[in-house]
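Take this structure, written in C-alpha cells, and hold onto it; I'll ask about it next.
Naming follows writing order (A, B and C), and every chain is counted from residue 1.
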Amino acid sequence: MSRPISRPAIIGALLKKELTAYSRDFIYLGLTLVVLIMFPVLFHILPDSVDETITIAVSPPVEVLVADARDAFIAMGATEEQLAQLDELDLTEAEEGLLLVEFEDKEQMARVVEGTLEAWETEAGDLVLSDTEAGDEKPKDAERVNLDIGIAFPASFIADVAASKSGVSVTVYSDAHVPAEIQGAMRSFVRELAYQFAGRELPVDFPEEEAVVLGQDRLGDQVTLRERMRPMILFMILLMETFSMASLISTEVLQRTVTAVLVTPAKVGDFLAAKTIFGTFMSMSQALIMLALIGGLTAQNWSLVLVVLLMGAIMFTGVALFVGSAGKDFMGQLFYAMLFTVPLLIPTFSVLLPGSVASWVRVLPSYPIVDVLVGSMVYGATWAESWGSLAYAAVWLVVLYVAGLMALKRKVETL
Amino acid sequence: MSLSRMWKVLKKDLALGPRSPIFLWAIVLPFALTLIMQVAFGSLFDPEPRLGIVDEGDSEITASIEGMEGIELTLLDDAEELKAQVEANDLDAGLVLGVGFDDAVRSGEKPTLEFYISGESYASNRIILSVTTIDLVRELEGGEAPVTVDIVNFGRAGLPISVRLVPLLVFYALVIAGLFVPGSNIVEEKEQGTLMAMLVTPVKTAEVLLAKWLLGVILATILAVVTLALNGAVGPNWPHVVIVVIVAAMLSAMLGVVAGVFAKDSSIMFGIVKGTGIFLFAPALFYIFPEWPQWIAKIFPLYWIINPIWQVSVMGESISTVWGEIAVAIAITAALGALAWTLARRMQAQMAGQ
Amino acid sequence: MREVTATNGAAIQVEGLRYAYGDLEAVRGIDFDVQPGEILGFLGPNGAGKSTTIKMLTGQLTPKAGVARVLGIDVSTDDPELQARIGVCFEEKNLYLNMSGKENLEFFASLFGIKDPDAEGVLRRVGLADRAKDRVKTYSKGMRQRMMISRAFINKPDVLFLDEPTDGLDPVTSAAIRKTIREEADRGAAVLLTTHDMFEADELSDRVAFINEGEIVALDTAENLKLKYGTRSVKVRLREGDSVRVETLPLDGDGSSAKLAELAASPDLLTIHTEEATLEQIFIQLTGRGLEG
C-alpha cells in the first residue's frame, strides 16, 4: 500500500530518473564531453592579441634619407634647430599604428612585397631575407614578417621636396589583395609627408586630441577575438543543451513513458517542473564548467554573468520544452529544433562585429542575453548599465518558457 | 548484386523524399543559407573603415569620398547624432563639414577640422581615415602636390567575403544532403521495421546501402552544384567542377551511410551528427578567416573534399592541380565503404536478434 | 451530470459514461460496476471503446458525460488519492528502455511514496528476477509485457486496469500472466481487463461485458451468456464406409430426442460430444461482427 507523498518528493523522484536516463545516454554524455573539450581548445587557438598596425616597408632607411637631406639643408642655410629636428625625424611619430621595416635595397623590398623573397626578423631584431625559390633555408629562431606594402623613396626625397623641385616621384609597391582604402591611404601618407617637408602647413586647424577621440580610447588595448568569443562560447553551450533536452523530452513523449508517469500520483505540473529543473541545471552546470575552463569572471562581473546565464538556461529550457513536444517523430522534432535555434544564434555573430547591431537583430529573444554577456565580460558593464537588457531578457524568458510549458502540457494531456 | 533491385530501392526513396521534413530541409537550406549569408552577413565579415559625414555645405570632400573604393560612407544630418554613432563605434570616424568649409580652406582662413575618432576603432582605420581626409583637404586648397605617387600592384586582388563564404555554403549542401539524408533515411527504415521487411525479399543489404549511398550522392551533387551556381562559382571549367563535386558528394554520402548503419535509432543518429558537426564544418571556417593558421584545416577529413572545390570552382584552377586531394578523398571514401560493410553485417545480426 | 446511485461497495461504478473524439463518439453512455476481487472482462474488437473507457477511469481523459467512480472517488475530480490506489497496464509498452527492470519499478514505486518496494520480489512473480538488473531494451517482447504487468502491481493497487495484457504473447507467457492477474483478484483487487481474445475473456473473467461501437451490448458471466444466447447441440461422428461423417444435432427442437436416441443406437457411431457456443459466436450473434474487427 502506498503512503501519501508530497509534491517535492515526487519531483525529486522524477529528477532522479532524469539523471539516470541522461547518464545512460552515452551519446549525449560523449557529446557533452567533446564540446567541453573542443570549445576551450578552440578558444585557446584563437588570437589573444589584436594587430591594429599597418606594417609597411620603406627604402632607403630613414637615416639615409635624413643624411642626404642634412647636407642639402646645410647648403640651404638651415638653422641648428631645424637640423636637430631633421635628425630626430621619425616617420611613424605622427601616426600611431604605423610600423616601418627599412630596406637598403629598393629591389629587394619590391621582391619581398611581391612574395619572391621572404623577410624574417631574428630575436636580435635584425631583418634577414631568404630566397626560398633559390633554395635558401628559412632562418632559425626568426619570425616571418609579412610585408604587403613598400614605399620606395628617392634617396634625395626630403631635400628635393624641401627645395620645391618638380618631378619628385615615389613608388608604392603593393600586394594586389591589399584593400583599396589602404593603398589610397599610403598615397595620401606620402603626399602629406611631402607637404610637411615642403613646409606647407595644413590649411585647417585640428582640435585638441581629447576632443577627437570619443568613447573609451582602446588604442593598443583592443578587444581581442578571444575575448569576443568568450560570451559566444558560453551562449553556444546553453543553446546546444537545448538540443539534448528537446531530444530527451521528445523521447518520453514518443515512447509514452510520460503517460505511465501521469497515472501515478505525479501530475503534469510535477513532470514539467522536473523537466525545467533538470534542463536548467544541465545547461547551467555546463556553462559553469566552461567558465572555469575559459575564464571571464571577475570580482565586478561575476554576479551579473551568473544571473544572465541562469536566465539563458531557463529561456532555452523553455525552447526545449516547445521543441520536444513538436514533431511527430524524432526527425520531425529535429527539424523544429533547427528552425528555432538558427534564429537564436544570429545575435551571437554580433559579438564578432564592431558597433551597434541592426535593429532587427535586437528583436530576437536571445539578443538581450548575448548583450549582457558581452557587456559584462568584454566591456565591464555593471548591473546599472545592464538592467534594460536584463528586463528585456526577462520578458522573453517568460514568453518562451510559458510557451514551451503550455505546448508540452497540451501535448502530454492529449497523448 | 542486382542493379535493378538497387534502382527500385533508390526510386522508392526519391519518391518518398518530398514527404520527409529532412529531405525538404536539405533542399531548402542551401538556398536559404545563400540568401542569409550573402545578404545579411556578407558585408559584415570584411569590414571597411566606416566614416560618417555631416555635410552642411555641399563640400567636394564628400563627393570625393563617395567616389572612393574601400571606405564605407554614411551621410548624416545631425552632428550630435554623428558623434553618438562614433562613440558607439557604429562609425570608426566622423567628419563635420560646416557651411562654407571649402571656401574657408581655399581662402586660407584655416577653419577647424571637426574630426572625431571612435575610441574602439583600430589604429589602422584611424590612419586610413585621417590621412585620406587630410589629403582631400589639401586637394581643396588647390595647387600641385610636391610629389607624385605611383602604385605598383603585385599578384591578384584578395577575395571578397561573398566568395570566402562559398565553401561553408557548399559544405551545408554536402553534409545535409549527402550525409544527413541517407543516414537518417537508413535509421528511419530500421526504426519503422521497413528495412527488415525489405531484407526478407530478394533485395540484399549491399543493394539497399548502395541505393542509400546513391541517394546521398545524387542529392548532394545537385545541391552543391546549385549552391555554387547561385554564388557565381561555376565557370567555363564546369566539367572539372562537377567532377570534384561528385567526389565530395561520394565521401559525404558514405559518411552518411556509415552513420546510418551505426546508429541504432534517430536520437543516436542525431547525436552523431551533432557531435561531429564542428569536426565536419571546421575546414570551411578557414576560408572565411584566411588569417587563421591554414595548416590546421588539413587535420579535418573533409578538408580533402572542400579544398578541391575551392581550388577548381572558386579559384578557377584546373582539376590537375588537385589530383592529390581527390585521391585522398577517394581513399577515405573507400575506407568508409569498407567500414559501412562491416557495420552492416553487425546491424543485420542485431536486427535478426531483436 | 446524472445523479449517482449508491456504490454498493463497488470498486468501479460507471453510469451513463460518454466520450467523443471530436464528432466521433467512442463511448456512448455505458453502465457497469466491478466489485473488489472481481475480474470484469471488456470484450470487443479494435475501436469498440475499450481503451477509451480505461483512459477515462484512470484520469487520462475527462468524461464528456456520465459519472464514473473508482473506489468511491469521482474520476473527473483529479483526486490524487485515486492515482495512489490504482495500477495500470497500458496497451503500449511505455517503459524506460535505458533503465533496468528493477530501476523502472523502483522509480515508479517512488512516485507512490513507497520507499522499499521489493522490486525483485515483484519481478520474481512475473518470472523476471534473473533479468532484474538488465536494461529493458534488452528484454524480449514477452518480457517487456511482463514488466508492464509488474509495474501495475508495484503499489499493491486496489483497482487494476489492464489494457490488452496478453496481446501478441505466446501461450505459455499468456498463461503465466493470467495466473498473476487471478492472484491479484484473489488478494481483493478489482480488475478491469480489456481484450479481444475470447479465450482469455472466458478463461479469466468472472463476468464479461461485450462492447461494440461504444456501447455495452451484453454483460454477464460467460456461462450465463452462453446459456442465454447459445444453442444446445451435440456433435456426432459416424463411420460411413472408409470415411467419417460428422453431424451436428440440436438438442432443442422437435424430434431431436428421437434422433439422438437413433444415432446413439447406431453401430456406426464413433463419438458424441456436447457443444457450447463460444463467446465469439455470441458476440457475432449480438453485434453482427467478429472480435477481430
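Keep in mind that, in the parts below, a contact is a pair of C-beta atoms (placed from the backbone, for glycine too) under 8 Å apart; a residue touches a chain by one contact, two chains touch by 3 or more.
If you're wondering where the values come from, they're calculated on a predicted model, not measured in any experiment.
K.L.:
Per-chain C-alpha centres versus the global one: which chain is nearest?
P.N.:
Chain nearest the centroid of all protein C-alpha atoms: B.
K.L.:
Decide which interface, A-B or A-C, involves more C-beta pairs in contact, and give its chain pair.
P.N.:
Ranking A-C and A-B by C-beta contacts puts A-B first.
K.L.:
How many angstrom lie between the centres of subunit B and subunit C, each centre taken as the mean Cα position?
P.N.:
About 62 Å, centre to centre.
K.L.:
Approximately how many whole Å separate the CA-defined centres of subunit A and subunit C?
P.N.:
Roughly 66 Å, centre to centre.
K.L.:
Based only on mean CA positions, could you tell me how far subunit A sits from subunit B in angstrom?
P.N.:
18
K.L.:
Multi-chain contacts only, two chains or more: what residues does subunit A have there?
P.N.:
25
K.L.:
By residue number and range, which residues of subunit C touch two or more other chains?
P.N.:
Residues of subunit C touching two or more partner chains: there are none.
K.L.:
Within their complex, state which residues of subunit A touch subunit B.
P.N.:
Touching subunit B from subunit A are residues 25, 27-28, 30-31, 34-35, 38, 42, 45, 50, 52-54, 95-98, 110, 113-115, 157, 161, 164, 167-192, 194-195, 197-198, 200, 202-207, 212-220, 222-223, 240, 243, 247, 251, 329-332, 334-335, 338, 349, 353-356.
K.L.:
Considering the complex alone, what residue numbers of subunit A touch subunit C?
P.N.:
Going through subunit A, the ones touching subunit C are 1-5, 9-10, 13-14, 16-17, 20-21, 24-25, 255-257, 259-267, 415.
K.L.:
Quick one: which bits of subunit B touch subunit A in the complex? Just the residue numbers, please.
P.N.:
20-22, 25, 41, 44, 47-50, 68-71, 83, 85-92, 105, 108, 110-124, 126-128, 131-132, 134-135, 137-138, 140-141, 145-159, 184, 188, 265-268, 270-272, 274-275, 278, 296
K.L.:
Under the definition above, what is the set of subunit C residues touching subunit A in their complex?
P.N.:
58-60, 80, 83-86, 88, 90, 92, 94-99, 103, 107-108, 110-114, 135, 151, 155-156
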